[in-house]
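Step one of this worksheet: look at the structure below.
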Amino acid sequence: MAPDTGILERIATGSGKQAVHVQTKTKQAWGDSSWTDGRLLAERYREIRRFTSTLIEPLEAEDCVAQSMPDASPTKWHLGHTTWFFESFVLERFVDGYRPFHADFSFLFNSYYNSIGERVERPKRGLMTRPTLGEVLRYRAYVDEAVGALLAKPSGSVPDRIRALVEIGLHHEQQHQELLLTDVKHLFSLNPIKPAYRPEAPSPPAPLPEGEGSRTATDPGPAGWIAFDEGLRWVGHEGNEFAYDNESPRHRVFLDAFKIADRLITNREYLEFIDDRGYERPQLWLDEGWATVRAKGWQGPSYWYRTDDGWRIFTLSGLRDLEPHEPVCHVSFYEAHAFAWWTGARLPTEAEWETACGRPSPDGNFAERRRHHPVACGPAEPGAFRQALGDLWEWTQSAYRPYPGYRAAPGALGEYNGKFMCNQFVLRGGSCCTPSSHIRATYRNFFHAAARWQFTGIRLAREA
Amino acid sequence: MAPDTGILERIATGSGKQAVHVQTKTKQAWGDSSWTDGRLLAERYREIRRFTSTLIEPLEAEDCVAQSMPDASPTKWHLGHTTWFFESFVLERFVDGYRPFHADFSFLFNSYYNSIGERVERPKRGLMTRPTLGEVLRYRAYVDEAVGALLAKPSGSVPDRIRALVEIGLHHEQQHQELLLTDVKHLFSLNPIKPAYRPEAPSPPAPLPEGEGSRTATDPGPAGWIAFDEGLRWVGHEGNEFAYDNESPRHRVFLDAFKIADRLITNREYLEFIDDRGYERPQLWLDEGWATVRAKGWQGPSYWYRTDDGWRIFTLSGLRDLEPHEPVCHVSFYEAHAFAWWTGARLPTEAEWETACGRPSPDGNFAERRRHHPVACGPAEPGAFRQALGDLWEWTQSAYRPYPGYRAAPGALGEYNGKFMCNQFVLRGGSCCTPSSHIRATYRNFFHAAARWQFTGIRLAREA
Amino acid sequence: MAPDTGILERIATGSGKQAVHVQTKTKQAWGDSSWTDGRLLAERYREIRRFTSTLIEPLEAEDCVAQSMPDASPTKWHLGHTTWFFESFVLERFVDGYRPFHADFSFLFNSYYNSIGERVERPKRGLMTRPTLGEVLRYRAYVDEAVGALLAKPSGSVPDRIRALVEIGLHHEQQHQELLLTDVKHLFSLNPIKPAYRPEAPSPPAPLPEGEGSRTATDPGPAGWIAFDEGLRWVGHEGNEFAYDNESPRHRVFLDAFKIADRLITNREYLEFIDDRGYERPQLWLDEGWATVRAKGWQGPSYWYRTDDGWRIFTLSGLRDLEPHEPVCHVSFYEAHAFAWWTGARLPTEAEWETACGRPSPDGNFAERRRHHPVACGPAEPGAFRQALGDLWEWTQSAYRPYPGYRAAPGALGEYNGKFMCNQFVLRGGSCCTPSSHIRATYRNFFHAAARWQFTGIRLAREA
Amino acid sequence: MAPDTGILERIATGSGKQAVHVQTKTKQAWGDSSWTDGRLLAERYREIRRFTSTLIEPLEAEDCVAQSMPDASPTKWHLGHTTWFFESFVLERFVDGYRPFHADFSFLFNSYYNSIGERVERPKRGLMTRPTLGEVLRYRAYVDEAVGALLAKPSGSVPDRIRALVEIGLHHEQQHQELLLTDVKHLFSLNPIKPAYRPEAPSPPAPLPEGEGSRTATDPGPAGWIAFDEGLRWVGHEGNEFAYDNESPRHRVFLDAFKIADRLITNREYLEFIDDRGYERPQLWLDEGWATVRAKGWQGPSYWYRTDDGWRIFTLSGLRDLEPHEPVCHVSFYEAHAFAWWTGARLPTEAEWETACGRPSPDGNFAERRRHHPVACGPAEPGAFRQALGDLWEWTQSAYRPYPGYRAAPGALGEYNGKFMCNQFVLRGGSCCTPSSHIRATYRNFFHAAARWQFTGIRLAREA
């Protein structure tokens, strides 16, 4: 999801109405039915907020200031902005006499605009050296305490409206957890000394759970095709669990018969494309893709460096050799599209992807595992849709457009819903930097076709 | 269709294969079954080429040189490029000993690129003051004579391959007829003395055919909604008539129940949007649309000028007052989307549009009528989908993407098919500058969301 | 002189006062004392205006429309703008009841701005396809007739004010004669078919006057140094002949002893610089010069093309081989500076140049000769400052700044005088496209350091 | 002096030769003859380095990372770069077995380029979040210790070459002290919460030394004119004290008689220019100046904010009301030129300024005083050239060009000397952020005409 296009932009203000698809008819409405009262919600709040804290542990104060490009934000901004969400949408509305931490912060950390010109210009976030990291962390603690107090009520006493807003704030926080990591990676990659965010994955790095691949992987073997017949399919969110409004309404789509690959494309496979002069042949590319390749001088995925000794890549653990069996990562939609074209296949539509994904395993290489890099695929099993969730966001060939019957809420909400549904493509499945409780089969992420700094990869599809 | 993305870019070279969907199993394969032999084809060739000549009659040599923006091309280039098509794809392949008119022209008038850097850079076409208009017209005559000779064979003797290429060349010519007009309009609009392409519509402006509206129109009254039930619909081209490859394969789409307006939005209706501060409220716009509004300073559709005495507009007949009952014209996708949002409705999908259009009347306000401006809608008839073809291209909410199963042909063709299916939106229905024999219900035109120099308008849709 | 910074911008309007340094105390004030009455002035007027006409003879109407870059203007604009000068500053002021040719032309052909936004934007001059060339030529004829009538008075009866304005208009016309040629050259150079403005120099191309070089020249031999002692020097215009205001006041400058080369740098000499990796070594360049070299990808002077068979150059007579003994041409100040640095010498200051030039011969390779290209230097004569006037404008190391005591006139004049004295460098001596009666030793031309489309060359100087 | 164009860029490397004009024939060669031995040099070293430390005391680590524009550098970079100078040019050359602090730092903190592409791109310095401020401070301490040890020799034992390099390194450090302050000011000005670098000037703000003005000043009264006769003047550096190479050779300049103002222009005087629509009248401006005014939307000097209660300005002590009697500050050359034109006067040439300055008082409002803002002028004294040194850099009308006979040293030096002598203007006199021992009457600072973030002001001159 585009960095700022977090929930903040898709939720209302003022009106107390929200665009997110939250049905609260039952106590089981929450992602995990085991926390149905304020204490459980408070616990979940603490847990997610604490995870943010662990993510910044390896960073220095200086690292938290810089903004490496307009699409990225400084760590400090992520920390403040997610906190501001709770302050503005929960505390200021529901806590009588709540005193904001600092009068300026609602201006500094607001990405919402109801009147133009009042926000910090997005590309200038890196110039806000004040407030310091210390102040922002105090802001977090202040707000956490207030939210904790608000939720510290007897079971069931937290009104639905508050609960819905806290939950959406937590999903918002999780989006920014992923962005924080991808933005730090981008920033560090531009430093000539190429610092490592976390020198190594937490030790012991392994053994991996059965069937989940490994760091020094063996060849996963050829990908298999999973076949689907033509027919009407239901697509989109249903049920009581949390989902964003862009996943609704659930609706029918007619799909022709298709086949979809049972795993992601690997570095080795992608290298064949490069070696076959994939970056030099315009006929493989979309017109705007080719223009981008030439304008940017792309010769491989982002964070790849050609050396006399072969390709090396930059990861959140620093520079290292390219691992051939890992999934290829940090490719744009243009590259995914050109690669697919070169193979004679194509990218899946989002409806095909969702159909193939079905009800995926909740296990996977997510942010909590702290590898922050995709791992090679485990062994094939007939019909198994491997690497469904986690590892990499998968480009689909679907333009990001509203589902039939989608209608943003009236009121202030109207300003934000759907406003990004233009010139972007849908990605599915979450990545190695996505928190595991944040992702689901119907989740629609979206980025511009040229974006490469997210953990994005390729899965193929074809006609049956 | 993007100016250069005419058939030239979507057809093969070299291989003799073409991407266009031309079935030639029967003699009735041609758009009009009455010309099944070479003489009829030759006649059609002469007629379409001659229409190009009539279009440039009002122009001076100087007018034919300039290029007003990178998206537009000089008239001289349109004239040469369409001619080059016949020379390269027909004469050089099928006429033994054909001697090209001029060695340099295949370079100058080629928009096709199989090796990079060898074409005239697109934004520099206006600097090619040589060859002169006179030379280009001689080029046209030279090629016309050669094509005429090729086709002057006894009935039925023209091989299908030649016939297919000639026909596609004629459709290509027709695309450029429309572009020639829109590009001249854009050029003249930038001249401070605002020249008229054709001072007035051909006199007498005429009693219009019954039910087709008039120049000084009466209020068409409120638009009606035409309702459609949910169901599987077939979309895309079928049959033996000519169609571009992007209109295929014909396929099924499931549509929820919907309603669609029975006419285009008028200037008067659009003025209400402006007067309601439509161009000042970010919440009505797609995010990129709002950025465009601000960057470009838009305050109304293209070619609208606010004066002390009200709005005036620039037409191909010069400046004149805004006519409230004419359809609003020269709006971008962003404006169409914002307007629709403001009304509480939305734009139709292309599948909805095609479903509603059905088998439209071949009558309409097309290029041949030489008004080159949309006219007010005629009286409503229950259930009639008015202004279906002609008048204005209608923005749909559908991103321009391939139909299921679409696959560009292999070979050189591979370079071109589908390469523009990214970050553009589909328009339907043709305009007052489209030749009548060029348009059909399944025709998919496409432009970027910010484009305004084509004759583009708005039709609304909504959930049932 | 920057294209638009002709006299038009440096003379007043409205007030009837002018910034040019015209002393009119005697009847001999005019450049050539032999035409002291209206008939002589009228004759001179006709002659200069007619020369403009001869310059456009080789052009097609199409050639006169296009503008190849913001710094250049279309031929049609040059033709209209110089005519507008006479209409606005002479006819409208001094001819009772004068009726302007066309109401719009004072807007279209005005480069003067007293209120912002009312002129045609400079980079859009190429979009004014109307008025046509024919109309502009009729405009010229109309104004010529009116000026002729005004001047057709008995001897001495033309008032000084009119005479001064007519003369300045003629110098203005001559500036634009040179610009017309350089702008056409630039335009044609961008056409892939590289048209020749004039296929060959007028035949017979020669014999050249004794000592003036030749087209297929022999090696001029090493350049000599002419030495000057230190001392106070008078610099700037004096006397009754016409000069621009920027050549005044005449003033004293103290010069240290210096030496100056007796001829221009040749292509052969410049090739040594290229072959010594002159375009690859940042240490030879001014900082902004090096940035320009890299940004533009310069590898040699403008209009030079490296081929497998050696360098070829584009001239107003088309492409041809590089002639080693001709002066190097179309170099920027940056290149002149880097070349001089590489030799261990430097560029002269404008005061040194003027001192060395003294009272130059009025002969030279000027526009009237219609070679429109510099010729190789004739044989050396001890102490002779060869190639002083004509052939090429010579870059000096002097920034274009006002002479001590320079003060632009008050009133409307104040808007224009001296406004270009910033970030430009002075050139001296005129070129092969400068009319011979337009140039003199004190003439100060000026361009930005990166400009290359004028006929600019290099003369070295050094400390004594 | 342009941020990077410190001595670093103008001194050699490798060869051990330097371009700076250091005569070392006598023991009295150093700026202050009282420190002729190593201990005195070491003391001066410590003092100047310590002053840098005091300058960063008010800053947070976060403040030291950000780069607010390409012309500015992060504080951390200033700290590292000046240290790198001593390490590279002194320690690595003259200390046997010196072990660099960190292998990467010579890359990170080098602004010198002998091979392209190896430096950190200038606009990306703000992305180097590592090394941290702490590491850079340790780098400073490490180098300081090593330099201290090198200089800790008996009197006279420090060889001239080392002494010269240490001294130049100290002047380099002082240049960066000023830049550090101006860059922090620029950075903080962009922060919406407008932090103060130092909340107030050190208390007590003090009785100012007699005749030096005050913070809450009284009107200094009208400026007086100091008159000078025409004549030959010596300009440039002479003697044994330190000076940069661009101040040499000392040479003669002929000056016409002139008058120069005895003080700087005040805010009140500049407000009259604004109120007289100075920023709206193109005729007052240089052509490129006017283009800049429009492109940037300037309506007053930098750091001025118009409010309902009058102008407020941003200073290093935060936002406060405009003080009418203080000198106007943060104006570009364009504004200084337009203001002067508007008054009917002009800016002085640098030769006039130097002539008028004579041997100025060493007292003044310099960096050590820690006001970091100009103060109002003290009372007039007949013939006294007030505000000569300190307070503000004064724009002259002289383009920054080499003095006659200036020649950069051969060798690696050749890469750097004089390379900035193009399209910049000379400023004289130092500012409130210049260390007092860094400035002198012959000192030539230079910036582009549009630069405003330095402490720049206006002094007028006129013909006699």
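Letters are used for the chains, namely A, B, C and D, taken in the order the chains are written, and counting of residues starts over at 1 for each.
In this text, contacts are C-beta pairs under 8 Å (C-beta built on N, C-alpha and C of every residue); 3 or more make two chains touch, one makes a residue touch a chain.
This one's a predicted model, so the numbers in the text were calculated from it and none came from an experiment.
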Third chains touching both chain B and chain A: none
Mutual neighbours - chains that touch chain A and chain D alike: none
Inter-centroid spacing, chain D versus chain C (mean Cα positions, whole Å): 39
Rounded Å distance between chain B and chain C, as computed from the means of their C-alpha atoms: 48
Chain A and chain C, separation of their C-alpha mean positions in angstrom: 61
Multi-partner residues of chain A (each touching 2 or more other chains): none
Complex interface listing, chain C residues touching chain B: 60-66, 68, 76, 104, 107-108, 120, 124, 126-133, 187-188, 190-193, 195
Of all residues in chain C, those that touch chain D in their complex: 113-114, 116, 232, 251-256, 282-290, 294, 337, 341, 349, 397-399, 401-402, 404-405, 407, 412, 414-416, 418-423, 449, 463
